[in-house]
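Chain naming follows the written order as A, B, C and D, and within any one chain the residues start at number 1.
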């Protein structure tokens, strides 16, 4: 690529929800959300994730680094700092990066015997 | 964020459909659609939802408030005013807000024993 | 709405596929794709759908009308003119309208005992 | 279409993952990802796919041709040159074409007895 790396520096996802229980072998089938961040550029990118809730002030920022020419599929249920992401609780995310990235959210829901999946490219704005 | 809050003031979702029956424990596994609205800004936002159908005039507006720095995952099957959203009926939604928001639709379909999920960021236009 | 109706006049969906078999009660659980078209404007819209395949020339146009302030969830497996859409065959769609519409594709796959769903807003270009 | 063919020449998908095992009849129910590429234009298009990983340098380019007025639903698990796509491994994709195309990713996950699906139009940037 001779031109600028693909992406945008601010993204939002309105629907976040980590199901509170799971069926099937861990860790593949544990209910989770993956916030997937691609950095196709040639320098490392620092990412700030802020979480919004229904009835309290936002949590964060959660700081994540994505190396040059790397992807980081952040498991939201593993974030601990500054606080864990509550299970079974509706939330939204805003992702801000100091370089262009591409963001997508995927959820695996294994609350019932068979898993269900959803995904969407985030909103770039 | 020093710049304007992320989002857009008009959104549309072409596919709406609340499955007419469900399996599994309520309320988590009740078939439903969630219209997820993020307001990452510093003032409350008033939202108007209009529903479009196959063979009748639109319903609405349904008025919803989303507080500053809050998210509202609106369960479409709980909307009652000016009229309930019919089950098992194709519809579409237009969302208009007096400030920038981000909109995403998610459906949980538990008509069969295991649930299925879909989601998409709405169209900003 | 005092301003122009929401939408765009040309859309594309790269992944089309109608699963060739089904489980469960008809018609709700029949495997199908729904091409959902919202016309939030105040005049009827004429829509042309063209289908692209792996190894043959395109099919169409399929002509569909969407009334003013109406939605049309077109079941792709019911289109017959100029030819039926083949089952179990990868395809893509281009949707062209003579007024602004919003387009989304949803698939219900009931080839196994429990159904799976996918959806995405189409690409507006 | 009197105007330019629909699409864009650079696309990205942040979430790639080919599940490492499957249930059900092959090839329909084999876990896979389909990278669907529509070329609605009147000349053939050459496509370069580059894959990004968590902890190694990118793989590729994988070269794919999409004929004029054709679609190509590339099964990622069948790509072999320059190297196979690893199973059960998070990755991201960048798609670059020498003409306008539309790109969408779909995953079928049949690791459990019933399949799950996800899809999203890629990010055009």
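Here, contacts are C-beta pairs under 8 Å (C-beta built on N, C-alpha and C of every residue); 3 or more make two chains touch, one makes a residue touch a chain.
Quantities reported herein were computed from a predicted structural model and do not represent experimental measurements.
Determine how many degrees of rotation, between 0 and 180 and to the nearest 5, align the Cα atoms of subunit B with the equivalent atoms in subunit C.
Rotation angle, to the nearest 5: 90 degrees.
Since subunit A and subunit B are copies that touch, just let me know if over half of their interface numbering is common to both, same, or not, different.
Answer different: the two copies use largely distinct residue numbers here.
Taking the mean of the C-alpha atoms as each chain's centre, how many Å separate subunit A from subunit D?
Each chain's C-alpha centroid was found; their separation is 21 Å.
Using Cα averages as centroids, what's the distance between subunit B and subunit D in whole Å?
Spacing between the chain centres: roughly 30 Å.
Name the residues of subunit A that each touch 2 or more other chains.
113-114, 116-121
If you look only at subunit C, which of its residues touch subunit D in the complex?
By the definition above, subunit C touches subunit D via 10-15, 17, 19, 50, 52-55, 57-58, 88, 90-92, 94, 96, 107, 109, 111-114, 116-123, 125.
Note which residues of subunit C are touching subunit B in the complex, please.
1, 6-8, 24, 28-29, 34, 36-40, 69-73, 100-104, 106, 108, 110, 113-121, 124
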